[in-house]
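These are the structures in question, set out in turn.
First chain A sits with chain B, and in the next complex the same chain sits with chain C.
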Partner chain A sequence: MALPRDLSIGFSPQEIQFLIENEPIRIMPRITTRKTKKQLAKDPGAQWSLITCDDSTVNNMVAMNSCEVTLWLALLLKQQGKCNIVVPSWLTLQQLEKYLEFELKNPSRFSNLPWNWLVVSSLLFARCSDDFQDPVHLLRSKVQDLREVRLGKVNKGLQYLNESHLQLENLSLMEINEMRPYACGIMDKLRTIHDSSNDTT
Partner chain B sequence: MGYYDIDDILADGTRFPCRFNYDVPGLGYLEGNPGRPISKNAKLELPLWMVHLLAVVGAQSNEDSRVEEPLPFVELLPPDLFAPRVLNAIKSGATSLDLHSISPHFYTLAEKWATLFSDKELSQVLKDMLLERGQEINNHAISVSMFSNCNQTNDSAVFLQTLDEFEKTIYRDTNVNCKEMKKWLVLK
Partner chain C sequence: MSIDIDDILAELDRDTTAVEQNASSYPDQSDRTQGNDVSQIRPADKVVDPVVPMQFNKIDDYQRLVTHWKNERMSPELLPYPHHLMTRTLIRIQERIELIETLSMGYLEDNQELTVDSKLPLLCMEAELERLKFLVRSFIRCRLSKIDKYSIYLRQQSELPNNAGLSRLDLLMSKEEVKYHMKHSDILLKLFNNAILKHLPEELQAVNDTEGSISMIDEPDWNKTVFILVCGGVVDESGVDSKLTTDDDGKPCYSVIIEDLNEEIYLLIGAVYVIRYSVIRDLMTEGRVVLI
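Entry: the complex of A and B
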């Protein structure tokens, strides 16, 4: 069919990344795009005009004044050395440790990490590792720890699949996507089997 | 299960033992001797797509037919597939069971059977089996290395031989998804 079979089941990780790159993030620009009235009158020059996100912030950047732009734009600017990315507050050693502690203390619950933590952290580790306050290798290992603890819980939870519902609080989009084909496939079959013997027609 | 679903069509071709409740002229070819009538109480194996209708529809008798439900053309006999022997084997250890050798379309057939007879016990056994085997399938599907297709351990290869067709699609989907995820994590 027009859509490959693997993509008709769920998202590919690249698609998830694409969705998450649309989220806002704070940056420190290293360029100034704001123009005084005089400059504007003399030469309007090149202006950003975006249709999928707000372009007023991009046209009003002042060097070293933080502002919020979408992640994909931030990564593009970062690539050219035109900004520094302000790392989100949950992506610090201290905060990650708190999350990890919560995960270990509550074997049946997930900590309330942001829904895009896995993608954002791996994107930022790869693309702006110089912008972190904490040593990146320690952050990486904390994120890896978190991922493994949560993966363990997910796999434990999969034995309680049933035909009616499943509650997955605080599970991030990437983690949900990872379990989607299995959980949906099995639950769908459980449902049809359940319905088969309880047919009231 | 859709009309154009190949696996469903293949599953529907499975033969089930049944017994005729009527003498029907001209149907002898079902028994292998065309031109002859089929006799009452003849036991033969017919594909599911045929029997599941014949077991429901009855002959329009000339006498008062609306007294009660007419006797259906055929009566389905309990097949080997869902014999107590098989169900006990499932209950005692679903993961070590060679489901593929019992029937490559076990779930589909069992589901249809449960629908025909509103068999609650069978569907409970099926649900338990699906969950138990599903765990194992998931474990095998996520523990495959992304760099080669052929370094499956002997253990996993043996288990995969025992999967029925539905479980194979689950395995494949889970496995592909997991590989994509691992690839993304490494490249990022």
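Entry: the complex of A and C
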């Protein structure tokens, strides 16, 4: 088939990452791309022109003035050593601790972490570990704790699968994608059983 | 309300010879939401910057392509092909390839100090192009696999008298996809006929038999379970969403009814649901919910 079978039931983790790399993030550029009118007249130089995102911000970067760009661009610049990534405010020890506390206090609810938290945290840990204020190994273990607590809740929530519908609150894209094949399969089967029992009566 | 921007597209098309104009007069649902401001912005933009057409629109276009891709990947049926959107995207990709080539030629000629700094925009542009190409490729491949799967069903649909024949197929698929659909099912049919079917009794030779114990036509599973994100935000002329209601707590939501179970569900804006496809199909085509 034109599409591999494992891709037809859900997204691959790489595709989830692709989707999330389209979201904006704040960076501290280390290069200046903004040009004065004089410079522009003398030598326009290499201009950025992007077709999928806003190119005016990258053309107006001033070193150490924070600006917002898409995540994939930020990672590319970081790889070249041209910027520092400003870590999102939820990715600090203090904030993660609050989330964890909430998770432990409310066994039936998920805390409102941003819906890209798993991907963003793993990307940032891998690619810009020097930009964090807090020690990365502590952050990593906190994220791991959160992940495990939430996984436990997801597993517990699976008992509520039914033939009509389900509402999920604050579940991240990656977590949804993980439970998709199982949840969809079970709900499809439950529905078939329900329908056929209705037909006979 | 569909805004006709064919003349603008045609004018753009004259500059780029390589891209075939295949969306002539198809109404395109996906263009409805943003259609209004496109027509207002376009003429001025074209004069200012002929190299990068549709500058005001490109980010929206990309976002819409991503949405189309997500919906196509997760929906059980083949969704209508976004003709205008794809034409614009293909034109942009073509222009981008040319621009990158011209720029890298410039680097070769100047032969000055090639610092990393001056190469950086080029690097990013190439990376971006690859991302966009991946998206388009994945989108098309997903559609092709669905065309494979439902080829007999699609053929049967296009032959129904009330569907006005082939015009429906044209709306649903691009020219190339129609060609693929026709050729591929012909080849497959020939293989089946030569290998097995011609040895069977005549009444068992049809490949689209629905009378027997099992229907041979694979129809999309309309009740497949899908994950949706309710995004809302589609407003009509008067600035309100006509389908929006409020639930018991007064929060804005859409109300849908599952007929088999006789159950009413409120879909809150911004929430994620696991629900059967047939229930939310209309909301999805209108762009009020997105499959994830």
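Everything below uses one rule, namely that the second predicted complex is superposed on the first by the 199 of 201 C-alpha atoms of A that agree within 3 Å, B and C clash if a C-alpha of one lies under 4 Å from a C-alpha of the other, contacts with A are read in each partner's own complex, and residues count from 1 in each chain.
Here is the rule we use: a residue touches a chain if its C-beta (ideal position, glycine included) is under 8 Å from a C-beta of that chain, and two chains touch if they have at least 3 such contacts.
These numbers come from a predicted model, not from an experiment.
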| item | value |
| --- | --- |
| First (chain B), second (chain C), both or neither touched by A:155 | first |
| First (chain B), second (chain C), both or neither touched by A:129 | neither |
| Partner chain in contact with A:3 - chain B first, chain C second, else both or neither | second |
| Touching partner for A:163 - first (chain B), second (chain C), both, neither | both |
| First, second, both or neither for A:53, with chain B first and chain C second | second |
| Superposition-derived comparison: chain B or chain C, residues of chain A touched | C |
| First, second, both or neither for A:180, with chain B first and chain C second | both |
| First, second, both or neither for A:193, with chain B first and chain C second | first |
| Touched partner set for A:13, first chain B, second chain C, both or neither | first |
| Those residues of chain A which chain B touches in one complex and chain C touches in the other | 10, 163, 180, 194, 198 |
| Residues on chain B engaged by chain A in the complex (per definition of touch) | 1, 107, 110-112, 114-115, 118-120, 122-123, 126-127, 130-131, 134-135, 137-138, 141, 166, 169-170, 173-174, 176-178, 180-181, 183-185, 188 |
| Residue ranges of chain C in contact with chain A within the complex | 52, 58-59, 62, 66, 70, 73-74, 92, 96, 99, 103, 116-125, 127-129, 131-132, 134, 138, 141-142, 144-145, 148-149, 221, 223-227, 258, 260-261, 263, 265, 268, 271-276, 292 |
| In the complex with chain C, residue positions of chain A that touch it | 1-3, 7-8, 10-11, 15, 18-19, 22, 31, 45-54, 58, 72-73, 76-77, 80, 82, 163-169, 171, 173, 176, 180, 183-184, 187-188, 191, 194-195, 198 |
| Residue numbers on chain A that touch chain B, as the complex places them | 6, 9-10, 12-14, 17, 122-123, 126, 155, 158-159, 161, 163, 174, 177-178, 180-182, 185-186, 189-190, 192-194, 196-199 |
